[in-house]
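Each of the next two complexes has chain A plus one more chain, namely chain B in the first and chain C in the second.
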Partner chain A sequence: MVNPWIRQNVAMKEAHAELLTLTATRDHRLQATWLHPRSGCQEQVTLEASQEYFPSLTPMLPEVAWDEREIHDVFGYIPNGHPDLRPLLRTPRWPDNFRPLRDRPSARPAWRDAEPDNPALTVEGEGVTIMKVGPTHAGVIESGHFVFSLMGENVLHMDAHLFQNHRGVESLLEGQTVDAVGAIVTRICAADTVSHQTNWALAVEALAGYDSGAGLTLGRIVLLESERVLSHLNDLAQIPAGVGFQVAHQQALAIKEAWQRSLQRLYGHRFLFDTVRPGWVVPVDPEDLLRLVHAIRRQWTPWRRLVEGHHGFNDRMAGVGVTTLAEVIRFGGQGVVSRSAGKVFDARTLLPLYQDLRPVPVVESDGDVRARFSVRVQELEESLRLIEQAAARLRAMPRDARWCPPDAVSGQVVVYTESPHGLNVHDVAVVRGRVLRYHIRAGTYRNWPLLAHAVPGNAVADFPLINKSFELCYSCTDR
Partner chain B sequence: MVWIVQGVGVAVLVAVAPWMWGIAQTVKARCQGRRGPAPGQLYWIIRKHWHKETTVPDRSSWVFRLAPSVSMASLVLIVITIPIAGRVPPEWPHNMLTLFFLLALERFWSGLAGLDTGGTFGGLGASRITTLGTGIEPALFAALGIAWQVSGDGAIVPLAAHLTNGSASLLPWALASVSVALVLLAEWGRLPVDNPDTHLELTMMHEATLLEYDGRFLALSEWAMALKFTALVAFAWVVLGPQFSSLWANLGLRIVEMAATAGALGWLESRLTKLRYFQLPAYFAVAAGIGMLGFYLASGGLGL
Partner chain C sequence: MSNIRHSLQIRHVDAGSCNGCEQELTALTSRAYDFQQVGLDWVASPRHADALLVTGPLSDAMARPVERVWAAIPAPKWRIAFGDCAAGCGVFQSAYATHGGFPKADLVIRGCPPEPGAALQQLRDAMRWTAIDPNRQVGD
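Entry: the complex of A and B
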């Protein structure tokens, strides 16, 4: 007889539900929250484990492999039957009994004097070479250690060791007051900050039963879409650099810089930090927004013509780093990566936030670098359209009165938004105005394992191109 | 007189090499909408490296330390071999085989240096440039097979006159020129074969073999890289370009040609993307094929 925990969760997956979060708590409780993409309803499956062990879902649902490894690392609960229980974020420097989210460490633990590397999975055999890249890279990117098993120029296997800069955000958030959380959540990640801030705001508003007005909602949509434009511009700039197309690279960076300077002018921050709070959003003049979009279009349209008309560039992207729809579904892929392989899922279509703006999910089917590039190009234009529509509506709208969350909210809620990197979920439990548990599951968390599947079979020289087309976020993943 | 012109030519070529490299970089920057560094920037970079402390990896041998000097020496010898002003005395060793050999020697030592430290990227780069060599060399022979037809011994002499005089058609000359241009782009490590400006180690070819170098070794390697560019530009224009009757005028013409080629290269590179590594054999096959077609036409094939 299959364990009910496994059976219920597998039934959710078979009903095509999206896994939002899989979290544990200090009292041996595991909770999986699923989202039904048709109705937008959430459903939770709980397990009261009552001991150190719990049955692993990974053999049936490989997408939770990392979640379970993380629970093992930070809580010390052992997923029974997990095929690969190597440390995910635990490093050899952690003391053996250090379980950061289980026992609240009163003092800084005594780090052991050890090499920080965890063992890598590699291919062995005649003619196989092992190549290690990172964690420090030549470009301005975050820390990731990649171990390639190569046969000549061909990649046989890639093992990604992320979690090099673990900050313990979830543990830091525990016990914080509602007022203090915003400043921390804003800084989880510079690329998806608005999405994180909006999640927190939605969580508090849901817990307090506050119904945000249309002005607030539209202001948030403008911010969320501005962030997507910024993030996509950056990703679109990096992909040409992977094949030496410097002109497209530099011109896109120039557009991105222009956009960031406008954001600085409008919102006071180049990365949009501290722009969304519970019951509040930075007020802007809709006319300014419309002018901004108009100005960016003037630069964007020639750039799009340049890249779409470049035969060599398009040829170079086609058929490289393919992710299939089956893999996306198996590993729970999110965001641009999943939509470029044919999965029709964009959380914006489910969010009440966007209700009458009707965002259209952009879907391609090839799952290669070209498809991911093209999805970003189209999504960026869709975002500009949404900003224009929202700004046009804001024009006729009086400014909402500011709402301050009550001091003593309580409850648990799972909230999500569609960040530039995919479905971004916060699982928030608050008791009398203090955070009990705060779990953050960014879209990239599900996409990293997909990258490891997309790279083998390609030439190692194409790895930067494939990696940049995924453009996965490190700091969202390693909180 | 010929001796003095050749001597001045060699000195000028070695001296202006970094500047020619800089012209290409400046043009590239302008095409990207950037102001870019001044064309003379590479001199400052070389000077900076020269005055820095030189360190070598623990597990490297004398091969690693000798390689930059061998590269530089082979390139200076290449420059000496080329009749820069179009003419050298017959006893001067100006043979294409010598030049091809020196290019291979330089490549061989770059590869050795990449392997010597046991670093990952060095080995990868060594493997790639050596593989590239197997494409470049036959294509170069095919492109310039005409030289043996003209001179009998493959001497580096102006061929343009021979190619365009005898036959009514410019076709053999044009084909040889295209073929040489394709091969030289690869030999210089420029787009669409290699990207000299990348910071992505996984995609590097020639740069990957230099990653472990610093200080004076790096200064020497950078200069050698620039010299390889200028030397082969001069070579191509001597063999395939127009010549004046005056030696000094030819020397001046070479400088203009080099600067123009550098500018054209910067413009061209801004329009290209890097080819897939596994497409490179096809690239060299095309280069060699064009060259052989030119050779065939020049030897009277198709009755042209």
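Entry: the complex of A and C
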């Protein structure tokens, strides 16, 4: 007989539910939270693990392979039957038996005098060469370590070793007061900061039973969409750089700079740090916003014409780094990466936050670099439309009265938003105004394994291009 | 002898940043700031570098690679801590997997993230004092 933990979770997947989080607690509890994309309802499956062991879901649900490895690293619970239980966050420098989320480290551990690298999975055989890239890189990018197995120029296998940027954010959040959490959550990732801030605000408001008014909601939508414009501009600037199309790269950077200067002027920060709190959002003048969208369109439209009319550039992107819909579903892919391969899922369509603004998911089917580029181009325009609509409604809106969360808020809640990089989920437990457990599952976490599947079969020289078209956050993933 | 150097070549290493600092470092190369115009640049190899610029609170996994990059830079050389995390005053200082910042920096550029215009000015100032006093660096 199949174990009920496995059976129930597999049934969720078969019912086309999206996995929000799979995580553990200090008292040997495992909890999977699923989202039904039609109804927007959440459903939880829990398991009381027998001390140190629990049955692995990975053989049936490969999308949780990393989640289970992470649980093993930070709690020490062993997923029985996991096909690849190599360390994920853990490095050979961690002291034996150091399990940061089980032990509640008050001080830093005594790091062992060892190299931080974990063993890589490579292909062996005649003519196979191994190429290591990172963790330090030739350009200005985040740190990550990739081990390629190559045959000539062709990639046979790519082993991604991330978590070089692991700071220990979830552990740091434990024990923090409700007031102190915001400044940390804001800085999990600069590219998805508003999404992280909004998740935290939604969590506290849900736990306190506070019903945010329309003004607050619209103010947040404007920020979330401004963030998407900023992030997509950044990613759209990087893709042409990957093929040496410098004009498009520099012009997109110039539009991004103009957008950031406007954000600084309107909201006081070039990345929108510290703009959303429980019961609060940074105020903005809707007329300023409308003028801003108008101004950015004047730069954006000619740029779009430039890149879409450049046949060489479009040919260069077509057919490279393909991800199939079947792989996206199998690995629970999220965001632009999944929509470019034909998956119709955008959490904005489910969020009460977006009310009747009716965001339209942008979907393409080829799953290649070109499709990911194109989805971002279209989503950026959709975001500008949403900002305009929200700003128009804000005009007639009185400002909501300021609300402060009660000191002794308690409870557990799973909240999510659609960040520029996909479904971004926070699983938050608070006891009398202090964080008991804070789990962060960003969209990119599920997309990294997909990247590892999209690269083999391509020339290794195309890795930067494919990588930039996925544009996966390291900081959101590594935490 | 001129008391301003004509170039300052910098090797960047991310040691646990949130990517905000990196995005602003990239902005320095854009036409709005165009820092290559005044002789500043990112270099791909530490062998070509005059300075090591680190972002992030120095995650433990990056501590060794950072040391190695530093060792590979020929003297005279300088350390730059970019952003509040690297400066030792960010929000992740006490997170268990960090070392709380990039120690012994010769130049600390504050901000979360630093504003690129202000950062550019501090880097240009560094081109002056690194030329006047190559020994200003703080130990190895």
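Methods note: the second predicted complex is superposed on the first by the 478 of 479 C-alpha atoms of A that agree within 3 Å, B and C clash if a C-alpha of one lies under 4 Å from a C-alpha of the other, contacts with A are read in each partner's own complex, and residues count from 1 in each chain.
Quick note on the criterion: a contact is a pair of C-beta atoms (placed from the backbone, for glycine too) under 8 Å apart; a residue touches a chain by one contact, two chains touch by 3 or more.
These numbers were taken from a predicted model, which means no experiment stands behind them.
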Chain B versus chain C as contact partner of A:138, first or second or both or neither: both
First, second, both or neither for A:116, with chain B first and chain C second: second
Chain B versus chain C as contact partner of A:291, first or second or both or neither: neither
Contacts of A:459 with chain B and chain C, given as first, second, both or neither: first
Chain B versus chain C as contact partner of A:304, first or second or both or neither: neither
Partner chain in contact with A:153 - chain B first, chain C second, else both or neither: first
Which superposed partner A:245 touches (first chain B, second chain C, both, neither): first
First (chain B), second (chain C), both or neither touched by A:473: second
Partner chain in contact with A:254 - chain B first, chain C second, else both or neither: both
Chain C versus chain B, contacts on chain A by residue: C
Where chain A meets both chain C and chain B, residue numbers: 138-139, 250, 254
Touch list for chain A against partner chain B, complex: 129, 131-133, 138-139, 152-153, 240-247, 249-251, 254, 310, 312-313, 316, 459-464
Residues of chain B that touch chain A when the two form their complex: 28, 31-34, 120, 123-124, 127, 191-192, 195, 197-203, 269-278
Contact footprint of chain A on chain C as seen in their complex: 12-27, 29-32, 42, 44-45, 56-57, 59-66, 69, 90-92, 94-99, 112-113, 115
Residues on chain A engaged by chain C in the complex (per definition of touch): 91, 93, 100, 105, 107-109, 111, 115-116, 135-136, 138-143, 163-169, 171-172, 183-184, 187-191, 193, 234, 250, 253-254, 256-257, 260, 270-271, 273, 473-475, 478
